[in-house]
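Have a look at these structures, which come just after this line.
Next come two complexes built around subunit A: one with subunit B, the other with subunit C.
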Partner chain A sequence: MGLVPKFLKQLPKVAKLLMLIALIMIAIIPMDGQYRRTYISENALMPSQAYSYFRESEWNIVRGYRSQIEEFKNNEVATQERNTIVESWLQDFGIKTSVYHNEEHGDTLYGILHTPRGDGTEAIVLSIPWFNSDDEFNVGGAALGIGLLRYFSRWPIWSKNLIIVFSENPRDSLRSWVEAYHTSLDLTGGSIEAAINIDYASNSDFLDYVEIYYDGLNGELPNLDLLNVAVKITQHEGMKVSLNGQSKDTIDDTGYLPRLKTLLLGIRDSTFAGIKKTHGNEAFSGWRIQAVTLKACGEQGNIDITTFGRVPEAIFRSVNNLLEKFHQSFFFYLMLAPRNFVSISSYLPSAVIISIVYATFSLDALVNTSIGSPVFYNTESLSSLVIWSIALATSYVLAQAFVYAPIPELLLAINACIVMIPYLLRKPISILKEPLSYRIRVFGFLYMSLALTSLLVINFPLAFVMGVLSFPMTLVETEKAGSLKQKTVKIKNMICLTLSNPFFAILIISNVVDSELSSLQVFFGLVSAWKDLNCWTWYVICIAWFPAWLLITMSAIVSTPVDTEKKHQ
Partner chain B sequence: MRHSPITIALLLLCKLAFVVTSTEDPEESKIKTSDNHDNELFRVMEGGIEYPYEEVLNVRPLPHNHLLSSFQFQMNSEPFYPGQSLHGFETYDHYTVFPKSLEPLLRRTDVRKLHLRFTRGYWDSEEWGRLPHQGFKSGGSGVELWAVVEGSSKQEAYNKWKSLANGLSGSFCASINFIDNAKTNYPVFSFQPVETNFDGIPLFNETNELYLMHASLANEPICTENLTPLLTLLPSKGKSGISSLLDGHKLFDSIWHNMAIDIQTSCIDNDRYANNGECYFEMESNVDVVAHVPSILSRNKHPIPKPLGGEDLHCDLSKPYDAYQCFPSPETTEIQFSLSDIFGKNISGANDLSFTHSKICASVSDNWLATIKVDDGLFGTDDNCFELTENRNYDIYMESGSTDKVIPVDDVPIYASRSLTGYGQDHGGLRTVFTNPTHKPVRLSYYESLPWFMRVYLSTLDMEVTHGNKEGFTLNDIVESQYYIPSIDRKRSSQLEFIMTIPANSTIALSYEFDKALLHFTEYPPDANHGFEIESLIITILEPIPYQLRTATLLVYLSTPDFSMPYNVIIISSTIMGLIFGTLYNLITKKMVPMEEAEKILATRSIKYKLTMLKQRVVSKFGF
Partner chain C sequence: MTLNSVTISAICISLRLLGLWIFPSLGGILDKSVEFSTPVTSYRSMKEAVVLGSGSSSTITFNNGYYDGGVVHHPPLLLQAMQGIPIQYHDYLFILFDCLILLQFLKLTEKVKKNTNLLDKVPTWLPSLVYAINPLSIMSCLSKSSVIFTNWCIINSLVQAIDGTIPMVSLFVALSGYLSLYPILLIFPIISIVNFNKPNAQKYNNAIRVFLYTIYYCGFLLFVSFKINGNSWNFLQANYMVLLNFEIVTPNLGIWWYFFVEMFTEFIPFFKGVYGLFLFSFVVPFTIRFYNQPLYSFITILGWIILTKPYPVLGDYGFWFSFILYFIPLAGYMRYKVFAMLLFIHGIMLSPIFYHLWIGSGSGNSNFFYAVSLVNALAVGTILSDLVWGMLRREYDHDEPNFDIKLAQV
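Showing the complex of A and B:
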């Protein structure tokens, strides 16, 4: 036998080896020498190069505002009244205000400081949701935001308009405002360059450390320069930075495992961005807006509220320095530690290899069959294509139906039934002949590979997670009637199909890795992410992963063997 | 105004001395003045020669402690005779107060009317009411230029216009020379001179026609480099009179500032085609500036706005306050300042050139006190207007205990704002919101020029009533006439003009969509990643009152390649190509051999060896 046929025979092994390589490639990223230290790419940013003056008596003013905002909470003041009062405070120092009314998502108060040196074409946003992701009243954040803007209004240096936004929550309410800003608002202040969200949901003067959130929707990330500026300034002011929601006692850890943990948490957070609790930065994703959220954690500590306030101050000054848009630094990266990252070139090959794995399995299903020499252009291919189209259409209908009627139990039940079909069907179906089964498999894997390839550049974390989770699909064997080990194969197939079913897999992984997404929460999260935030993870899962899985399931149904002799004629 | 008798006497002495020295040929000037009884170009007064030049400064407090200072300078040129050739040996030009740098340019390019604007900042019309001079003296953010040029054809007029732009570019240190075909528009509804159909604008050649051209450079930075040339155009050169207040540091540190030059040609003879009539240029220059007084005063005190000391905090006493917390009280309503605080300089003396004395007026309500400070004395007048008559240091001192009361601002007939809409890099939309707060419908003209790379879909033009009577209004009811010139790639911008009526008490949003074109890579500006500036939308109100306003400029972002990326790719691929080519070329053309073999080969190539071989062959052939 020649080298090529030998190689072709070993395709499944090759593919499994490739999968292993892909995982190893991710695993070696946190090793010393594989990652890079962050740096500021755009020289104009100059973070922390100017002395920050948000201190001393500004603290009194923040406390003054806070005492009044606490009253809102104590007296349970309604949104409308609260907005009216804050509006009058903002107008006192010359801010143009307006309220965006939205019956579905709540009113949003916003104000624009038209800056004297600016040309009114660009803006920086300071966004303060009244209630944070944990539904706590953002009392410190609101006081800080108003105090900061009042302080900013005294400076003549601003070259971009400053916008302050008080939305009801950091999720749908803020997102609807951002959308309205780009469609229907009458009071606007130019294109938004960057947005800083402040989350300080305590009335304490002190805090412990700062969590920075940066994930955008649909695989988007803010420019690494903005994240670096935020991290650098926060650390410069003497605060500890936690990324991806790491707890305080693990912030200082260095070494391979902590870096790997941050990396994997980053992949998790990015995959589930918009599906889990949002912090505000997600709402700005798109429209070329770079956004981060600064969350003050802990009420005890030696960091005071003005120190925390100097972080947005210095970020604003940095962004204000920009003459161009954010474009110098990376838009695709993974963080390993606040000051360590890898760029797309280090991790993308892993996702590419995963998509090759599926292409390899597709090739395997084409050449390594018992039906003889592979011919691509035949009736089976055409039928498979028709079946694939039907599967795609079904998946789309299912995706749409679920968005309108999100009943996860029903969805899972339907999928459980589909999983059982190959197990329960003992007799071969007459239409499903063996060559067709194999051809369906070819198309299933090919589609998966194509879907992953097109997704991996846009949304690496999702492509990677999908690729890894649907791997058990490749272990599903196509069986023909009369095989000896039918029972074992059927059970193995059923387990693999269950594990690689998009809905079961997402359910399992969300419950294992994310405490926020317990039980069936992930499904509601997926639907609300689409409805509230235009995050298309649900449709990617339904339209890319589910049809492929359906085809593989179909190929696992017992098929009628075809006499090879007959085929040859 | 009161003066001490001694100063008046001194002043008279000075001026008499000036008369003796400067009027060398009084007869000639007398003849001239008697000739031009309609329009005195200069006349000899007891104080000396005085020229057709006037300057006025109007200071007006606006709500929320803002102060509008409007400088106005007016001057006329010496007469000229359109029929006369410019280049004759016998002719000579005589210049007095009219800038020598402008007049030859104006005459060479046959400009009948010229308007140049340098504007920057945010005019808060909700607080401050109408723009100064009803908006007709201010431009959009950046530089704006429009002119009426006489020419035999459109192309000739354009050539003159281009020449004018180049000339002004040099005079004002601004990028006006970037005005080209793609930036020049010929307005149809807007900017039409007050003299309808150009009647009243002199035409020097009967066969010629007048062409109105407009161009603007959005967000062209305005700085001291533009102010200094403007000051040198004034006869006082910024050294005396009210122009001595103008200082770049303070002027450009304001909330809104505007510099304008308006020149028009006037002819004595009423006949429009007065080829041999006597004509002259009238020039008006305005500088308007709005400053926020408390912030300027505090910046004079502490250049860096550091946190205030505990004793300087103004707390709201109705809310809890102590040594740790302070709810800030609204802005103070007590204020005292002098113009030297705002402009950083005193007025250094009167100007001695004009017909009338330099004048400063304070438009204030009764709760304000405005006085003039001459050296160390303070003087007041009934009408709050002061004339500068002496060569001494002047300053205006103003104070009020209730700055929330000012002369009521004029109601604005319309508010307009424009914003970019849409998501993504390939298309977008423009949305303009008109708010008519008055009880009368407002008829206006809408003028918008968009660069060619914004491909407008006029079919998507849509109207939405966001506030007010929503019933019964369609786009056709609002827009009564449209004028649209589509763009030509790289050659012409698209021009959109409407005449529309905004119903009373309503807010209307007009929106349309556009595609963003792809540019050639050389067409990107050096700072490609900043975006492309889109000039302001210009709204001229026709009824009920004439008024003009402009929206803010916009920044459109086109899909921009990362220019460093192709550079890297070119470098890397060139290196690889070089390496591969070198290696391949060597492999193809050269042969690798060991040293011994190479020596053998070399040995066979020598002439001596060849001779030996030849000899051997000859010997073997003849069989010796």
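Showing the complex of A and C:
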């Protein structure tokens, strides 16, 4: 036997080894020497190079606004009235305001400061949702935002328009405004270069540390330069930065494990972006807007509100310096710590290898069968192509139906039934011949591989998670000389199919890794992310993963063996 | 299982009608995608001309001013013909032409089978069925890309060439060249098809006749266009110089555009010449080298033109893939079937994604998309080299397939 046939016989082992390599490649990223320190790539940004003047003199003004805004909360003032009052405040210092009315998602008040030195074609957004992701009233944030804009309005240095946005919430309401801004609004201030979200949901003058959120929808990330600027300025002002919602006591940890944790949390947050609570920066995805959220955490620390206010001030001044759109730094990266990152070249190979794993299993199902060498064209290929199209169409219909009627229990029950089919069927079905089973398997893995490849550049975290979670699919055995007659094999198949079923897998993983997405929450999150935010994770799962899984399930059904002699080219 | 022309046509029509009716906006989206539409083939610009023409008052001189705006790059005769058909029926016209193409495929397979025993194991209906269900040709049809008319002329000329009816052959070659210039190069393999199995004395005679007829038809078509276009030659500039000079530098699946985006102005004419020469330089040598396998040399040259032309679309590939099926008897010789297929599938899957990353989300850049164009070109190149290898091996084995001998490709 030559080297190539020997190699081909070992394909499943090779694929498993590749999977291991892919995981190791991710695991070694947080090791010293594998990651890089962040740096500002665009020279024009110059973060914290100018002195920030938002200091004690502004404190009283912020306090004044805050006490007024607290009244809104205490008196339970309706949105419209609240917007009218804030509108009058903004108009006091020369801001053009308008209210975007939306029956479904709530009204959004926004104002534009048309700056004297700008040509009116570019803008920076300061967005302040009235209620933050935890549904707390954003008292401090609103007061700070108005105070900041009042302070900005007295300065002649701005070369980009400044926009302040008060949306009802950081999710659908803000998203609908962003969409309207680009499609239907009359009062606009040019293309938005960057957006800063402020979340300061306490009436305390002090805070403890700052959380920065950056994950966009559909795998989009803000340019690393903006995130670096935000981190650098925050740290420059003496505040501690937490990424991906890490708690305060772990901020200062350094070392392999904390970095790995931040990395994995980043992958989790990006995978479930839009599905879990959104912080506001997600709303700007898809319009070439770089957005981050600054969240003030704690009420007891020794950092005061104007220090926090200097962060947006300095970010605005940095972005204001830009002559071109953000393009210099990375758009694809993973953060390991506020000041450590890896770029796409470090982690992409891992996802590529995962995609190759499935291609290898596909090749294995093509080559290592009892039917002899693969042929260029045969009827099995054609029929599996048809079966694949049917699986795809079914998945699409299922995805659509679930969006209209989200009943996770029913969805899971249907899938449980499908999982049971290969187990319950004892007698071979006449249509399903052994070569066909193998061809279906070929197509299933090939499709999975293709889907992962398409996804990995656009949304690496999702591709990675999908690739890892659906790995048990490759352990499902297809009939080989009556092997499916054994009960142990059947049970093993059933377990593997359950674990790799997209819906079960997503359900399990969301409950394990994310406390926000308990029980069946993830399914409602997926649907609402599509409806409210245009986040297509649900469709990716249904159209990329589910058809492949259906095909593999079909290939695990007992099939009729075929006389091997007949099949030759 | 055998399928006759009616069944396949029914499959073809129903798939396209389903696409048309279930996804009414799909055609427009595809027409805006770089994969299915280029400035020289897009339906948008054709519609522009049709609307322009129907509004014009000078129906006697036909001076419609099609080319004044610089967006229309379709030949005047085609535009005049399209103008004669109400716009709401255009969708169905394209479906009809797709149907005609697959009927020609059926005819072609029948004729090839009659003349040689090469395709004995290949079902007659296979190429046309593949054309009918090929997603690339379905989407190309829905996008109403004018490439479909060129393809129809190409396959007609091939079928006529096998029959040996020289005037018709020349007519269709001239028409295809008239519609999109580069297929005129197919005249060389066409001549070898016409001359296949003919006595030597007739060969020169035939070649000269094909040439002269083609020149005559070309001249005729151009002159009629000149008249139709209001006695103006500006359609030459808009239709053919645009291709030769690559005047519209816009991203597409081809290998030209990226070079001219960032090249120093001084070098642009030189490299345009190089690319043009590159396209042409393989056509005649291919024909001469594979003179005894004219159908195969025709198919490889067609693939070569699609690979190297300035504005390729996926509709071209959908058409070409049905031709590749004629190589099934040589499939045993080919070494990179799976590799090339996977490469091509990845290429066409990734191209809209990378285009989106560049133009849509802005997180990528033009290098991303050109990388995919290169993957595509590599896939087609691999297929071509595999086909050529198959032809060489066939020659080596004197038409009797011997898949057991392994030969080094060096």
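Here is the rule we go by: the second predicted complex is superposed on the first by the 558 of 569 C-alpha atoms of A that agree within 3 Å, B and C clash if a C-alpha of one lies under 4 Å from a C-alpha of the other, contacts with A are read in each partner's own complex, and residues count from 1 in each chain.
Here is the rule we use: a contact is a pair of C-beta atoms (placed from the backbone, for glycine too) under 8 Å apart; a residue touches a chain by one contact, two chains touch by 3 or more.
Note that the structure is predicted; figures quoted are calculated from it, not measured.
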item: Partner chain(s) touched by A:Thr453 [first = subunit B, second = subunit C, both, neither]; value: second
item: First, second, both or neither for A:Leu187, with subunit B first and subunit C second; value: first
item: Subunit B or subunit C, by number of subunit A residues touched; value: B
item: Touched partner set for A:Glu220, first subunit B, second subunit C, both or neither; value: second
item: First (subunit B), second (subunit C), both or neither touched by A:Tyr256; value: neither
item: Which superposed partner A:Tyr39 touches (first subunit B, second subunit C, both, neither); value: neither
item: Partner chain in contact with A:Phe7 - subunit B first, subunit C second, else both or neither; value: neither
item: Which of subunit B and subunit C A:Phe331 touches, first, second, both or neither; value: second
item: Touching partner for A:Arg288 - first (subunit B), second (subunit C), both, neither; value: both
item: Partner chain(s) touched by A:Leu363 [first = subunit B, second = subunit C, both, neither]; value: second
item: Touching both subunit C and subunit B, counted on subunit A across the two superposed complexes; value: 286, 288, 325
item: Subunit A residues touching subunit B - in the complex, by the definition given at the top; value: 53-61, 63-68, 92-94, 96, 114-116, 118-122, 150, 154-156, 182-188, 190-191, 286-288, 323-325, 327
item: In the complex with subunit A, residue positions of subunit C that touch it; value: 1, 126, 325, 328, 331-332, 334, 337-338, 342, 345-346, 349-350, 353-354, 356-357, 360-364, 368
item: Residue ranges of subunit B in contact with subunit A within the complex; value: 64, 120-122, 124, 126, 141-142, 219, 253-256, 292, 295, 298-299, 304-310, 313, 315-316, 319-321, 323-328, 330-331, 417, 419-423, 431, 433, 435, 466, 507, 509, 527-531, 533, 552-555, 557, 560, 562
item: Of all residues in subunit A, those that touch subunit C in their complex; value: 220-221, 286, 288, 325, 331-332, 359, 363, 366, 374-377, 379, 446, 450, 453-454, 457-458, 569
